[in-house]
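Chain naming follows the written order as A, B, C and D, and within any one chain the residues start at number 1.
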Amino acid sequence: MASRIDVSIEHRGPPAEASSAQRDPNTCPSCGSHYREDELERALRVCPQCGHHFPLRARQRVAQLVDHGTFVEQEESLRSADPLGFFDVRPYTERIAEAEVSTGLGDAIVIGAAKIERRDCQLAVMDFAFMGGSMGSVVGEKLARACERAAERRLPLVCVTASGGARMQEGILSLMQMPKTVCAVDLLRESRCAFFCVMTHPTTAGVLASFASLGDVIVAEPGALLSFTGPRVVQQTTREKLPDDFGLSESNLRLGHLDAILTRGELRPFLGRLLALFEHGA
Amino acid sequence: MARRRRQPPGASAAEQLRLRDRLARLTDLPLLRGAGVSGEMARLRRQLERIAAEPTEDDVWRAVELARHQARPYTLDYAERILDDFVELHGDRSLGDDHAIVAGLGRFRGATVALVGHQKGRDIHERTRRNFGMAMPEGYRKAMRVMEIADRHGFPVLSLVDTPGAYPGVSAEQHGQGGWIARSQLAMARLCVPTVACVIGEGGSGGAVAIALADRVLMQENAIYSVISPEGCAAILWRDAGEAKKAAAAFKPDARHCLELGVIDAIVPEPAGGAHANHDEAARLLAAALEAALAEVAGLEADERRRARRAKFRAMGELTA
Amino acid sequence: MASRIDVSIEHRGPPAEASSAQRDPNTCPSCGSHYREDELERALRVCPQCGHHFPLRARQRVAQLVDHGTFVEQEESLRSADPLGFFDVRPYTERIAEAEVSTGLGDAIVIGAAKIERRDCQLAVMDFAFMGGSMGSVVGEKLARACERAAERRLPLVCVTASGGARMQEGILSLMQMPKTVCAVDLLRESRCAFFCVMTHPTTAGVLASFASLGDVIVAEPGALLSFTGPRVVQQTTREKLPDDFGLSESNLRLGHLDAILTRGELRPFLGRLLALFEHGA
Amino acid sequence: MARRRRQPPGASAAEQLRLRDRLARLTDLPLLRGAGVSGEMARLRRQLERIAAEPTEDDVWRAVELARHQARPYTLDYAERILDDFVELHGDRSLGDDHAIVAGLGRFRGATVALVGHQKGRDIHERTRRNFGMAMPEGYRKAMRVMEIADRHGFPVLSLVDTPGAYPGVSAEQHGQGGWIARSQLAMARLCVPTVACVIGEGGSGGAVAIALADRVLMQENAIYSVISPEGCAAILWRDAGEAKKAAAAFKPDARHCLELGVIDAIVPEPAGGAHANHDEAARLLAAALEAALAEVAGLEADERRRARRAKFRAMGELTA
């Protein structure tokens, strides 16, 4: 009988966080080059040596993408309610509090209004540092509200994903964020608003299998793991030999699941062009 | 049954309703809507009491075991009992025919409906052929194709959910597992016809929710619906798959808790001992529940129904602000 | 440079007409059994020994499928107009005249109103004996009119296909029967009429790639060749080794392109069930 | 240009119109509608005369050769010349990204449009990568996906046809080549937005028609559009592929004959010598023709446009009764 895990959080390929946990965060896990913070920041946190894309925090992503000073954050105050009173080795509430302190975020997503290359848009950016970017009630709610605000203002939604999947500690309610966000995208479509999704490492499980895959245009950063089930579970379950680039952006492009792979530097002008193309009245 | 809430019940139904109301008041729970279909008062009372009581760790684990019971009725067992003239359709028109999902058309209470559902196998040969009810993108595409036919012809869609999860295989990933689970949900969100889903066994994660975005979502008494299997959860959070029972209790995948959390609309009672003990009776109870749920949404205009469906899922989750 | 033929008429697998041309038509090409005409007729022209499905003429098909005496033929008088004045080794008009004489049909399709198992439907049945079932202006027109009649009367369309592809002698106009019949099916769909397609040996090229593949439900007889390009051309063009069951019903079912394979005896009750299921108001 | 038939032409356009009318009367042919975009009267006259004359066997063969000319502009050559901010999109979300078809969005005359088209390659590497412009089901699905985006957002669809035919390979067949050619046509029949197709090289059989079911179908002066290649036809009917020239003449795949047969709506002139001689000028002429054709259908209501599109193809064919 095959394992039933399909939401586990895994990493693989170029950005090998697992082994780099102890390393200096400014040392490239791919080529070993080390950078000063300001060097790396100037390079958009892409290794100038080998092109490795270091993980980006949500606020760093916003700063890189939007026209300076145009981002107005929304719904900052939303917090999870621990619906199950969940306790594994520690209470869920404790895990959340810790994540809040360490990330400075209320949950794994930041939403807001912004301009990209002088075009208005609604933005939603996930942050993997907050409990693996997992989707619980707050991520689902903020994504849904981002869709609704976009629909109200007839603006495109630009979403940057990074997620290990569902927030297991919210049990079945975390699973329900999948149909919830899908319904929100349905509203967005009905309102004839464009939806662009930028998948970054990693975008897996419940997020990949809901709103993230419904973008009109879907692009990804190089070397990102984008798979519903992670490679370790696939390997263990099926005993199949995995292709070297299993689940990575590059194989996803080849297999027809992405419109393009863009380096971090190409992202903003690309989104600017798309926003201009989709700027239309009804 | 949910329908009885809105329509005046008949004589014996009225008695059931009184009993149900009393029990509901006693236990102060908004459930029991799924319990009205059994005719026998004594058993109904036992069932109501069992469902109404706060489930213990043992109760939850019993549901996990019953949901996976090898003799539990599967989608095709119900199809042959609750549908007339069932015609199974095959293929996704692209790559293959995924036997982990069945889809077809049949007559339900005299009217044509589409049925989609996961299908497990009972013996080893059938289990392999059905891939343990774990679908690939091909399976979701087949379901979408049949739902599209139903939508075009005005047939309501019934969906039976019974899967450990989507298949975690290389080719499934290569064919776009995540994307097709998303698109299958979106297709269901867009349907103009009435839709009712029921979790009849394991409602495992994304593989389940792919065909469960319906106007009404029901759950059989001993079914489970969860974001991850108890074993998977235990392995990840407790780092010990042996802690599955503890994980299940923490997770609350049972029908009673799903109803409390607002994830399902009603619980469908099973025969005494569980659905596996009496397939015919289980089918009779399921059919009555599906009929009642369909009746609730059949009267709406297509647009209104779609908006209500969206609003229903939109409301799921618990927040503080 | 690959060959550009994609409408050639080919056969392969069980019904090996090419080599059986000289054989007695009542000898099974698959197992060699010989039957009297009345025996074969009684067996629906399916070999009682091995299950081989002998080719059926359009009128034989109609007789097998519909309730006795219910078929009312339509548009019998339509004939091709030889739009190109086509002449290869012989004039097109001569080929048509010869086909008319030898088949007793005006072209490669017969349409009409009928009842199947007491349910009204519109019928369209192709005949491979008329110039290889090729689709020219008349086949396209009659199929389109069958769709329109079905739409008018809000009846399901039941179509039985057998075709080598386009009627080359009508040049580009034969190609245009593809979008023409597709548009007719679009009308049928808009009118919420059901469309059931029964593919028989062979259904290829322009017919497979237009209306035939658009059935709500598509079934086939066993061992029929159903491929866009025939196996000989695929083999010659690509030098790929072909699977043994290339293009046959059995592989089409496995690959998701068919709802079922039905023997000739199962066809009528199956259609009866479908017609009953799709009998709906509005 | 077709548009000029309905709208009052400007000054020099009026002169062109008179010339065209005179030539049309002289030759008694309902063509020439595609010729109005060139500004130079002398060249226009030469073109008109060339187009108006009954093509000889040599003329037809010359079109066959020019349509396949290796230096002939391909879809991407036009995309970069007639569209601003072209963004190519990739993938069918199921199996792969077929390089024999390109699809994307760009700005045409200031408004966003979707472009789909076959893409051949010029050097050996590119030709292999593009599979000689012979698409698989993956390619048609990519085109359908981009057309669906266009439809949802109200972008007109331009389609450029340039293929020897759909790819005759094993996996193409296994993935449902015939079915996807049919479904691509059906998808185009159902589009609410204005659609214009132009055959810019080889319009080869089902592979071409898969993306050519449009409100207006144009053909460049030296393009061909046919049910089978001359070689294929000769091999089958004459049993000698060497008779291709004879077959081509019998087949009449050239623009002039396609216009006469009512298969296309207008002929798009090419630069002197053929499109390969001057890509920029060829693109200028094509863009003018596309713009005029779009303008003809842009004013209609979506339903009306769809009905007219259906009626247009419904009428094709020649019969006696």
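Keep this in mind: contacts are C-beta pairs under 8 Å (C-beta built on N, C-alpha and C of every residue); 3 or more make two chains touch, one makes a residue touch a chain.
What you see is a predicted model, and the numbers here were worked out from it, not measured in a lab.
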Other chains in touch with both chain A and chain B: D
Greatest separation from chain D - chain, by CA centre: B
B-C against C-D, pair bridged by the larger set of C-beta contacts: C-D
Centre-to-centre distance between chain D and chain B (centres being mean Cα positions), rounded to whole Å: 50
Distance between the centres, which are taken as Cα means, of chain C and chain B, whole angstrom: 41
Chain C and chain D, separation of their C-alpha mean positions in angstrom: 30
Chain D, residues touching no fewer than two other chains: 93-95, 175-176, 179, 183
Where chain C touches two or more other chains, by residue: 255-257
Pairwise touch network: line, ring, star, complete, or other: other
Pairs of chains found to touch, sorted by chain label: A-B, A-D, B-C, B-D, C-D
Contact footprint of chain C on chain D as seen in their complex: 132, 134, 164-170, 172-179, 181-183, 185-186, 189-190, 204-210, 212-213, 225-229, 231-233, 235-238, 247, 250-253, 257-258, 261, 263, 309-310, 313-314, 316-321
Complex interface listing, chain D residues touching chain A: 85, 87-97, 105-107, 112, 138, 142, 149, 152-155
Chain D partner contacts - residues on chain C that touch it in the complex: 1-8, 77-84, 86-89, 136-138, 140-141, 144, 166, 168, 170-180, 182-187, 204-206, 208-214, 226-229, 233-234, 237-238, 240, 242-243, 246-247, 251, 255-257
Touching residues on chain C, where the partner in the complex is chain B: 189, 192, 194, 216-217, 253-260, 270, 273-274, 276-278, 280, 282
Interface residues, chain B side, partner chain D - complex: 93-95, 137, 175-176, 179, 183
